[in-house]
Every structure is written in structure tokens, then in C-alpha cells.
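The following pair of complexes shares a single chain, chain A, combined with chain B in the former and chain C in the latter.
Then we have the complex of A and B:
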């Protein structure tokens, strides 16, 4: 998206947001003020915004990874949940010093998400099935299966809610700022963004991935195996989302709960598109959406703007940007 | 406006942003005449046609038309799944109450077809028709609006010689009935044989106007290029050695499949495949490239040629595909990134897990220099280059190292004469240097100019073979159209 059309799009969204606040009976200026104060007003607010940024960053990078390979993965939410479930089960049952347990938990999350992504990747690579429909449906399956498992067969004794047994404290992700929920997951996410940026720009693997996404017919003739690329890209995309789920389990909730994600995997689609599918710009986009996420509660409390206004705006952003993505290749002629 | 003029364009200027596509053109189309509009790619011909027919509004200037102006597009704008009569009446369907009056529509199409001797079954589904017939449908659709003038954009690009004669016979009938006809073409033989008046454009301006009988192919070509035509590279005497063989090759499905093709291409030889589009050329190219399943046997240098496209490339096969923008290039990428495509997986471009950017840039720089790619730098996106310069990148990449077998499918499609001559010369140079070259082209003149041996492809089968000493243009043209 060019700078100008991006600015217009952002302005339209802001205007709609102001309109929505007014319709909800609130003062839009007070609403925006409360939103910003709630997100950036102090150390506690800022750390919470960074927690949200981190939670969004993993699935956003996952979505971008698949998009760069030409795959519209809207299943980051499901992959994140399965990854979180794997991480929660591994974390609750595997007791070891943190230096051992934490990598195992994160790996379990990546494995779970990767497997879930591989299902859609296999359907696409082997049978030519649409990854859009597959990942959309797998989101629902993931949520229902996870729910069934933690209230049913895998229900731990002495646990009340729809969740796994808690992780031992030694398996929690180390906290960056004492007294906050901000953990090294943020550093992990930033390192991942930098790593992906390198992969896209410099490696043969990233080159082949981008070729498959940008010009599949040319890529195929250049000896790039499109089926294999689709499978690998969906698997790794799922693994990144699953890793994100694991960081929520080990860093924020300290257990797997069915309410692990308030839709991070869906908001991630907008974040990835706003960030132009570029890992480093996605970091900035994730921070902007993190502000919305963490400021919305304060906005509701202080300015009496329903926090649903934020979800509403995020939904509009996803619809608008997705439509642009699909229509993008047309209308460029002279 | 006299009663003899159907369309008068005065002082037409058309700008797209900073690009001036048409720069002050006056043009008159007279009733009863077939008018040829010639020019290189990007000269502004199609833009002018769109302005004459009202599709585009001019930035400056006036269009005076004595009635409507029909436009037959280069790429047909028909609904493939609909029947002929449905396409012809689309948008102006006769109605009976709320219902479509199919009988009236059919009758109208039949009457039109009879009037203009355009033989076509009104109930045929368009996607089942050969291109020559589909084009008649497109013309019928325009004639149904009873235009004062009919403009045809590159109408003969997809036709066999016989079909071309039939088309111009139709256009002559139209002209005789008082319609002004303008044909945009770059095939100068057709201009000389079939038109009354010729206008040549270059860089948005008219550079030549003449009565066709007063001019020549050479004069028109010089006007198009703006100087003398560059000469083609000379053919060297090369000792032929066996290189590539195809045995009993079947590929593809349906009307465009290839059937039981067996042939050889030697080192130091250009074998030309002559044929009208849609007679198995794509299946042949794709089978050799490894992107289409086939049966039969291919060998290169005595070893079986099989496996995926990567294995073919490693064995020394390079393919210049038909659609450079889709099948050969990644348009948003730079020249430097594009030249690596196909070689990204091996030395010298691959360096461990990464691409060696200095080796890649050196390759791009050498291709830009050797193949005269006109670009601001190797960082320029290939999408920003002209078609001719895009094709030079594709050809340069294929010939950066001499391949064992080069398959060139429509290598000069839609590029200007200068670039086309350079590309053709490079094919000859590759042959002189010992490559086996398979040239697949819908332009018979190109095949005859370059090939050492010509195979005619008709309905997916090889219908005839000619060596350079025995080229018989009329006979080859007849075989292309299905003569026994």
C-alpha cells in the first residue's frame, strides 16, 4: 500500500471510529484520549501494551510468512490455539529446570501450530484445496477440540475452569520488568522478526518463497517446487503462530485456557497487511494495534466508549485490507 | 465533414500521468476504405483506436464520428461459456415482456451472418470455436450495432494465412457497403496486399501517410523504426552434432494437445515450429520445460531428459516462455533479482544458504550490457521496463551461459522491431556457438527467417518438414491451415 492511500485508509478508519464513539453516546476526543492514556500513560500501561504487541506479533509474522509465499493463511488463530494446547500439556506434565523446560514448551507450541498449519498445507499441496477455506475451518476445529480436551479427557484433577493444570513457576518465561507481565517473549518476537527479514532478503529459501508468492508460473519454470513450497510455508507459518501460543501459555496465563486468545490470529491479518508483509514494519504495526488492544479497556472505563468500538474498527481494517489484497493485482493497467 | 468521411480525429492528445501516449494526431477514416494503422509497440496505435471508438476520452482534441465506431480487440472480449447469438446480442437483448426473445435474437444473428458472409453457427458455444471463428463472432457483435466505422486491433495475430485472406475478404465486403475500416497491424505484407491507405505512428505522432499503392514494405518499416532496420546476425557454417530428440511425444489434453511428435534438434541448428496458435505449441514447450505431464521419450546429449524443471535446467535446457510477464519474470522485482531466477539453487549464485548478491549483481550487469537492456540501473523493477527490454532480460538470462537446448516460444511477441531483431540475432548467435535451438513462433516470416529446418504443427501433429533450401512459403502456409 502506498503511503498516500495508507494515510487515506487510516484517516477513514479514524473518522469511522469517531463516528462510532459518537453514536455510542461518548465524546470522541475524550475517547481517543482515554485510549492513548490507557495504552501509553505509564510504565504499567506501556508494559501491558507491549504484552499485547508481543501476542500480536507472533501470529502477524506467521500470516506474513504465508502471504509472502502466496498463501492466504487466515488460520493463525487455530494454529495459535493448538500450539498453546501443546505447550500447556507439555508444560504441565514436564517438570525440569526452566533452562530445559522452557525450550521444550516453546518447541511443543511450534510443533502443535506447525502440525495444524501442515494440515492445510497438505490439502493445498496434494489436492489443490483452498488454504483459505481449510484454515478458516481448522480455526473452528481447533477451538472446539481444545475445549473438548481440557474439559474432557485431559481434564486435570483439582482444576476448575476449561484449562490445563498450571505450569510450575520454574517453567514460566522470565519477566523483563519486575511487577509486570512483560516477558522475554517480546525479545523472542523481535528476534524472529529480524530473522525473517534476513530469510526473505538474503536466503535462497526466502527467494524461492517470494518467487512462488509473487509469480508462481515463473517460479515453477525456474525449478521451484510449488507444492513443496506451499507445504513448507504453511507448516512454518503455523509453527510461528504456535510459538506465539506457547509464549502466551508460558508467559501470561501459565496454563492453557480455552480463552487463550481474544482473536489475536484474526487481528494479525490486519497487522500483517498494515505492515506491508515486511517483518520490521510489522513490528511497528503490531505496536499500533497493541495500543488499541490495551487502551480499549481504559477507554471504556473513563470515556464510556464500549471497547467493542476497537474490535469494530479492527474488523473494518481486516475487511478493507483483505479486499485490497485480493483486488490488488487488478486495476494497475494504464 | 464530408459525406465521405466516417470519423475525423483532430489534434488528438492523450496523456496517462506523465506519459504522452498520443501526441497531436489528425486522422480521417473514409467510407469504403480499408485504412492500415502501423507502428511499433507503444507508438500509440491502440490508444488512438480506443479514442476513435469512444472507449477513452482524449486529453485534448476532438472526435467527430458519423455514427458509432466498433472496436474489435486483439484479445477477444467474448463470454466463452455463452453461445454465439448470446454474445452478439449481449447488452441489447431483444425482449418479449420480461423474457429474452431467443428466437428473434437468433434470427438477427443469422441475418447479419448472411449479409456479411460470416459463416458461423449461432448456437455454437464460443469456447468450442477455433480462434478464426471466434473472431467472426467478435466482428458480428460489433456489426450488430451498425457502426459507421469498424476498428480492428491486430486482428490477424492469431490467424493462419488462409484465415487472414478470408478476414480481409470480409472487411472488403464491409467497406464496399460503406463502412470505414481501420486495421491496426504490424504485419506489413498484409498492409500492402489488402489495404487502401496507410498511416504510420511513432512515439505518439503520425510520421507517414500514404496511399498504399504508392508505398512499400521497406518505406513503412523505416517510418516505424525511424531509420534503417538493424541487420540480423549472419549464420555461420556449423558442423551439426546430435543434441535433443523427442520420440512419440504426447502431451496436454483436448484441442491444444500434442500428438505423437518425434523430431531432433542438433547442436548448431535452429529448428522452427510453424503453426497457428493453439495447435500444440504450448504443450510442446511445457513438456520440454517439465511443467506438463507427457508420455514419450526426450533425450539430451544421449541421456534421458526427465524430472522436474530444476532437473531440466541442470541438464542444460533453457526455455524462453510465451508469456514473459507471467511465466518468466517477477514484475515487481529488480532486474538483479530476476536474473537469478532459475539459477538461485546452484553456484555461483548460491553461497551456502544465501544468495551471493555480488555474483548476482555481476550477472545482471553483464546481461544488461551484453543484451543492451535499457534501464536506469539493475535495481530498476522489470515491471517498469518496456516489453522489449523485459524480453532482453529473459533472453539474456537464458543465454548468459550457452545452454545445450534453447526453447524459444514466441520470443519476439509484442516487442518493437529493434528489440526483436536483437533477440533474433541472439538466437542465431547461440546456434552459431553450438546450441540446439527450438524456435516456436506463430509468425511464419520469423520462422522462415531464422530456422535451418521447419516443422509444421497442425492440430498437435507434425504435418510437414522443410529444410532451409526447400522452404516453400505457400506450401507451409497451406499445411498450417490443415491442407493434406
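Then we have the complex of A and C:
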């Protein structure tokens, strides 16, 4: 999408959002004002926006990673949940100084998400099954498994909610700004974006992934093993989303709760597309969507616009951006 | 005997919305549109039905509104996929998010409080029964229509070889749009069944992934109306069994997960090689 048509599209979305606010009986100016104030109005608001940016950045990078390799990973949500579950279990049971425990918790999250991604990757690589259908199903299975475990066998004694036992304070991610929920997870996400940008642009592995996505037939003739690439890409994509789940557990909730994600894995698809599947532009897109996420509650409280209007607009954005040509686009292959 | 009759009845009640949505999936996919917005179609239909019944006091108006809402949502996918060559999977994901956000927003705007609507005039037990019979009748009609009519041949050709349809002087893109409108109407009807047939209100998230179970039923039923209906009835029976087995200590989540696990199994081909229409999900650009 060129800059000009992008601006027109953004203006249309803003107009629709204003219309929705008017339908809800609110003054659109007051609605947008409350949204921006809630997201950027002070140190506390800005830090919360960055918390949301971070939460979106991991699954968005995961989606972009798979899409670049020509794989439709619609399953970042499920991978994030399984990653969070693994991290929550590791964090609650493994007590060690933070310098040891935190890497273990994050690795557990990446492992969980990676395993979940690998299931879809295996179905694709080994059986030619559609990763779209597989990841859609795995999202729901992840939610059911998590719900079963934390309400049933893994439910922490003396805890009311559907959650695991809390992590010891020593295992919490260090906070960047005292008194806020902004942790080093932001730095980790930014480093990951920079790293992925480098991998795509400068490494043989990144080239192979892009080739498999852009021109699978040519890639195969050039000796790239498409099956192996599909499995590796889905696994790593899942691991990135799972790492994001782990940072939510160790940085924000300090335990695994079934309400870990309000749909970050789905919004991530919009973020990845707005960012043009380019890791560095995705950082900016994640910040923009972070503003929507963190400002929507203030908008609801002050301007009486139901916060769900944000999901509606995000959905519209995805539909509009789906017109982008996906080079690896093909049938669903099942 | 009473228990068995009750179980069969519950099976049909649980299966009906899945049948409508699965038939929607079959119609769209056989025409070459991979419609993962079935969940959104169910949501839109269920919500619009309750909103219209609330506004007019007539559940029949609700029924019509639900069908139209489903057709509108999935028709958007059809138009976007044929006129703007969007990626169907990404657009479908967007439509699901749009429907979830739009209805959550709509609950507050129409009914004044978040979460759920008040009780409205519903179709009642009789209406529920009529819709179940309609679902089964539609399955048979679609099977016969797809197999034995010129309409069915054209629609299937769009899903296998749209270029041939063009050579025959027909516009495959137009046929695909009509297929998504018909599919969307069916998905909307599934939503109507949920909100005005089985219940008499709309609540957030009440479709609970049925649109995705329907996608699984389509694969299991090998893209045929009767096959998908059979799979939907099987999944309905699992859902009905859940109430029985839960009392015996089987975790309900396991029962709920079975349709999705079955879909994963179908992808491995162990239940026999299932083949999607050749041009399923492939944009047509003459």
C-alpha cells in the first residue's frame, strides 16, 4: 500500500470510528480526546501504552515471521497462551535467583509456544495439511487445555481465580520505570525486532525463508527444502509468540491466568500487516495499536464509548489490508 | 427409552447451528472461497436476530434480520475476494474480529449494558423444531442441487477450474459472490438458531467457536453437504454426551476439544485422504 492510499485508508477508518462514537451517543472529538489522553496523557498512561505495545510486538513479529515464509500462522494466540502456561508452571515451581530463573521462565515460554507451532508445522510439512485450519483449531485447543489445567489439576491452593500459583518476586521481570508495569520485556521485544530484521536482510537462513515464501517453486529448484523450512518457520514463529506469553506472565500478571490475552494474537495480524511484515516498521505499528488498546478503557470511562469499537476498527483494518499481495499466497492445501 | 429420546433430541439441538454453518462452509468452499468468517457470520446473525426482535417485538423479523446480517458479513468477504483480490484467510480473520467487536459494541448501544441482551420474543420450541427440520432439508436440497443441477455444476466449477467457467461465458467472480451471500445467509440462520431458537437472548461470545467446528465438519464431510451434516451431527452428539459424561467425571474441556482434535486428525489424512476443491481459497484474476 502506497503512502497516499494508506493515508486515505486511515482517514476512512477514523471517519468510521467517529461515526460509531456518534451512534453510541458520544461526541467523537471527546472520544478521540479521551482515547489519546488515556494512552499518552502522562508518564503512567504512556508506560501502560508501552506495556500494550510490548504485548502486541511479540505475536506480531511471530505472525510476520511465518507470513514472510509463506505460512499463514493464524495461531499466535494459542502459541502465546501455551507459552504463558509453560512459563507460569516453570516460574511457580522453579525457585532460583532471578538471573537464573528469568531466563529459564522465558525459555519455557518459547519452548511451549514453539511446540504448539511445531504441531501445525508438522501437519504442514509431513502431511501437507493446511496450517490455517491447524492453527485455528490449535487456538481453541490451547484455550481449553489451559482452562482445564488451571481450574483443575494445576489450580493453586488458596487462589480464587482460574490461575496458577504466583511467581516468587525474585522471578519477576525487572521494571524499567519504578511504579509502572513497564519491564525489560520492551527491550527484549525491540532487540528481537532488530534481530529478525537482520536475519531477513542479511543471513542465508532469512533468504531461504523469504524465497520459500515468495517463490516456492523456484526455491525448491534452488535446493531449498520447503518441508523443512515450513516446520522450522512455524516452530520459530510459535516460539516468538510463546516468548511473548512468558513476558506477560513474568512481567505483568506474575502468574498464568486464563485471561492472559485479550486477543493479542489476532490483533497481531493487523499489526504485522500495517507494518508491512517488516520487523522495524512493525515496532511503530505496535505502538499505534498499543495506543488503541490502552486508551480504549479511558475512552469508555470518560466519553462513554464502548471500548469494543476498537476491535471493530481493528477488524476493518485487517480486511482492508488483506488486499496486500501475499507472494506466497495459494490455496489452503488441505 | 426416554433417556435415549432425550439424548437424540439434545444432539439435534446441538447439531443444528453446526449444520447451518457447515453447509455455509461447503457452499463457499465448493465455489472457491475459503470462508473462515463462519464464526463471524454466526455472531452477526445471532446478534441481529435478537436486536430486530427487541426492536419490533417479532421473532420473525429477527429471523430475517439474522439471515441478512450473516449474508452481509460473508458477502463482504465475497466482494473483497473477487473484486479486490484480497487474501481470503486474512480478510476472514478480520471479519471475525469485526463481528466480535461490532456486536460487543452493539450490545451496549442497543440494549444499554454490556455482556448480554435482555430476554426477547423468541421462536419457541416449535420454531426450534422447524429450524432443525429446515437444516436437514437444506442439507438434502444442497446435495441434490450441487450434484444434479446446472447451478450446482457452475458453482463447483468455480471451485475447481474458474477459468473454464469464464470460457463458458459466465463470470466466476459473480458466482463466487452469490455463493458467499448464500453461505452467509446459512451461517446467519445458524446464529438465529442459537439466539432465538435454543435461547431467547444474545450474550457475548455465545457462538463459542462453532464456526470453527463447522470448518472441521466441512473437511470431515469431504466438502459435501450430506457429509458435512453427518459430521455436524456427530459433533452435536459429542456435545450432548458432554452433559452425560461430565456427571461421570470426564472433564468437559476434553469433550469440547474433541471436534478440534478430530479436525487435526483429518489433516493428517488418517481418516482417508480428504481433498479440498482445487481452487479453494485461490483468487481468480482473469
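The rule we apply is simple: the second predicted complex is superposed on the first by the 322 of 334 C-alpha atoms of A that agree within 3 Å, B and C clash if a C-alpha of one lies under 4 Å from a C-alpha of the other, contacts with A are read in each partner's own complex, and residues count from 1 in each chain.
Just so we're on the same page, a residue touches a chain if its C-beta (ideal position, glycine included) is under 8 Å from a C-beta of that chain, and two chains touch if they have at least 3 such contacts.
Remember, predicted model here, so these are calculated numbers, not experimental data.
Chain A is touched at more residues by one of its partners, and among chain B and chain C that partner is C.
After overlaying the two complexes on the shared chain, residue contacts for A:180 are found with neither chain B nor chain C.
In the superposition on chain A, contact of A:134 is made with chain C only, not with chain B. Once the two complexes are overlaid on the shared chain, A:207 sits against chain B while remaining clear of chain C. In the superposition on chain A, A:215 makes contact with chain B only, while chain C stays out of contact range.
Contacts of A:225 after superposition on the shared chain: chain B is touched, whereas chain C is not. Touch criterion not met for A:27: it reaches neither chain B nor chain C.
Shared contact residues on chain A (touching chain B in one structure, chain C in the other): 334.
For chain A in complex with chain B, the residues that touch the partner chain are 202-205, 207-208, 210-211, 214-215, 217-225, 334. On the chain B side of its complex with chain A, the touching residues are 16, 19, 21, 289, 291, 308-314, 319, 321, 323, 326-333, 337, 340-342, 344-345, 350, 353-355, 357. Residues 34, 36, 76, 80, 84-91, 93-102, 104-105, 107-109, 114, 209, 212, 215-216, 219, 251, 253-254, 256-257, 260-261, 263-264, 267-269, 274, 276, 278-283 of chain C are the ones touching chain A in the complex. The touching residues of chain A, when paired with chain C in their complex, are 20, 23-25, 72, 74, 119, 123, 126-127, 129-130, 132-134, 136-138, 140-141, 144-145, 147-148, 152, 263, 266-267, 269-270, 273, 306, 308-326, 329-334.
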